[in-house]
């Protein structure tokens, strides 16, 4: 199938008439036999879980699944949905908002943990060094602090699940240590949020930091679907903020 | 270039090293010599304007260019922009909202005008027949009435420009007649809006009704760009509606 | 939170500082305790599974997860990914392609099964009536036949899982009956594909047909992520089909 | 309209019943009176052109309008269009691909010109310094060289138009000088492409480098529309690359 110079090539899956293999495994045998978390792990890592990675993935996706209308991705999806577009297009528009400022802290947080790990120091000292660097450069710690929650209960719960499933290794220790040093370095306790916990666990289960946003892209998909469906079945078309609610701050009337 | 069974084929343009032809015309000769409206018309219709179609296109695009934050496409684009994504992706998310309920009346309105035209009647009678059918089937006239404006000044102005440029033909007459019969059929005057005028002019300049949304897709692009740029340069990241402003109407607390 | 006239209202979830409830359930208690399939079902249906709906959902999502580069959504996502855009934006662009001709047969198929069900006839007769109507109107049966597979092994496997989990009810019987009548009505056996099986199971587990595309939007998300990540980590930027591979079929050279 | 703490605020335009002002100008007076290029400039810069900025903008948009199927944005848009989605959604998916590797050189090129300008040196020396730095850091010059054209005729033509319209200032001189030093610094002539010319002209007309992609987002919109419309009116649904044309390079068959 496709010669060495094929325009399309992939290591992910193989499709032939009546046969579909994902990373070498027969997809048909996975259906009904393996939970979605196992298969997500397979797709992202290249292998089926050797231990509890699949259950951990399920927990990560559940943690990411929904956060009401208090997320720009959901607001965007609902505005688009209200304009009379198909479900998948409205979800996609919302998903585009899983940006650097909305879920992006997972990747940045994982990079920070790798930086801490690379110091070769004990967690407390490694965390201190990294936190001080951020402080000195005027940066916040990605994955710490939250606009609504203090602490974010999802972060706490994810770390507890990680401990139960055997993933409370060095990256989790470093992530906890970073929280612990915040009072000393930043003058106040800044609690780990869901993204910070995800960052540590992403590394513990062996995934690439570049897949940080994937946890939201996959996990928040059903939440976005639910909001788009609700918007289209329960609200009137064309969500209108009302011209009276817009403050114009530009130049006054003028002529060419 | 590409044999008869080529996977990719197109009638739009031809690219060869150092040569680009659009619909047969050398793109290089068009740059600086032809206004954008002429070239948009060329791309959409297949030919350069024979008369004032290019100037009419420019007027259509200007009419569509901007309507402040009072449009779901703009709200969506700004939410996405606030989440830390590249300019083009935020614009694209907003553009997805040019849906059936937001700009979609151009295509529906053009179809309605074709229906009126097909009656073979004089405008007044053709308009009456079509309006009555809509009334009887509980449908609104696409391209008539507006949530903010009454009448929508853009519709008025576009028809005036169409008259100046030689495009006040049968479709414009039918569109005007439809407005005129609304008091009799619906019990109140329902003024033509921008979409209704666009629908008539789209047909007058010989474009396919299926290109109705194209006028907004192209014309609103700079407005969306301006809003995304403003959001990213003037507002803080992560536009947050605030959890206190969300009304939860679902089931109360329960346990599995 | 938000008065009766709140601009934002939802029945999906409630966010307050340090508390997140989804459809009334504490999200924190679901993390690590419930598989993703259960929570997807909760988000889409409004309630946690009463029986095996969650396991069935997991199987549906696994079935949808990946089909190599032989799907327009994946091709689109990889082209976009190659252009230097963030992961989530490339996935979203691909997801937009889960359109009427690509996954859309789930919804159309569910509607067809409801039509068959509404006849009140036994499956064989109901299926015959519906198939004949499609034949007479020149329509294909949505969810039957596949461009690569014959039969599509995913459809077969999903129905087997449905039987194991207690969802082989009337809709599954109707779906099977439709396949059975194809030789008589269309002159050749047209096998049920993955979409046809999904359509039947969607109804068996009590979801709205309007959620048909949701199974792909959610289930294919990890496959799209894997392809975007592979494109960006393994291929050169700017996927170029090559100008020699494009066949130009438009007008020859001409001047304005 | 909207108090000082309004959730939505903008300097771009003001909408009140029957009145729309863009940057202070009555939109109605602009329709039919001003070419689209003037209004694009108004939206992006905040003011109507004082000289030939509008004509220059028109030329920039025409230059960007179309490049056949040899652009990832177009390939993506056509794959999405083939899947049965509305025109605007397919265009938006394609537009998302105007990424760092596809049109992104305008912004990067403008930044490079600002760097050259900041040396305070004559163009030849400033260009040499900047080119050497890129060479030493193993970077290519953004806006120079093209995968198909050598030289890119659009770049040449845009600079000629800029000279005609009075925009051949220091940034254009620096851009030309950069091309001139490539033989000496890189060992071969690397010609300025369309993006390099756009970068210089963007600065000459006083726009922000962050608007670099805007020229493609707006200018390529009609090209994308034409391709989506062609795909949906001339090709069969579901563009299929064919499973035989995909090369699978992953692990061989294995079992869990």
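General remarks:
A, B, C and D label the chains in the order they appear, each numbered from 1.
Simple rule for what comes next: a residue touches a chain if its C-beta (ideal position, glycine included) is under 8 Å from a C-beta of that chain, and two chains touch if they have at least 3 such contacts.
Keep in mind that what you see is a predicted model, and the values were worked out from it rather than measured.
Of all chains, the one whose mean C-alpha position sits at the greatest distance from that of chain A is B. Although chain B and chain C carry the same sequence, what matters here is overlap: shared residue numbers make up over half of all numbers found at their interface. Relative orientation of chain A with respect to chain D corresponds to a rotation of 180°, obtained by superposing CA atoms and rounded to a multiple of 5. Across the two candidate interfaces, A-C and A-B, the one carrying more C-beta contacts is A-C. The distance from the centre of chain B to the centre of chain C, each centre being the mean of the chain's C-alpha atoms, comes to 30 Å.
One inter-chain figure worth recording: chain A and chain C are separated by 22 Å, centre to centre, where each centre is the mean of the chain's CA atoms. We define each chain's centre as the mean of its Cα atoms; on that basis chain A and chain B are separated by 35 Å. Chain D has residues 7-8, 10-17, 30, 34, 68-70, 75, 85-86, 88-89, 92-93, 96, 98-100, 148, 241, 243, 246, 248 in contact with two or more other chains.
Of all residues in chain A, those touching chain D in their complex are 1-4, 6-17, 21, 23-26, 29-30, 33-34, 46, 48, 85-86, 88-89, 92-93, 96, 241, 243-256.
Here chain C touches chain A in the complex through residues 7-8, 10-20, 22, 27-28, 30-32, 34-37, 39-40, 43-44, 55, 58-59, 61-63, 65-70, 75, 86-89, 91-93, 95-100, 103, 148-154, 156-158, 160-161, 164-165, 208, 210-211, 213-214, 216-219, 221-223, 225-227, 229-230, 232-234, 241, going by the rule given at the top. Within the complex, the chain A residues that touch chain B are 68-70, 72-73, 75-77, 79-80, 82-85, 89-90, 92-94, 96-102, 104, 147-148, 237-243, 246, 248.
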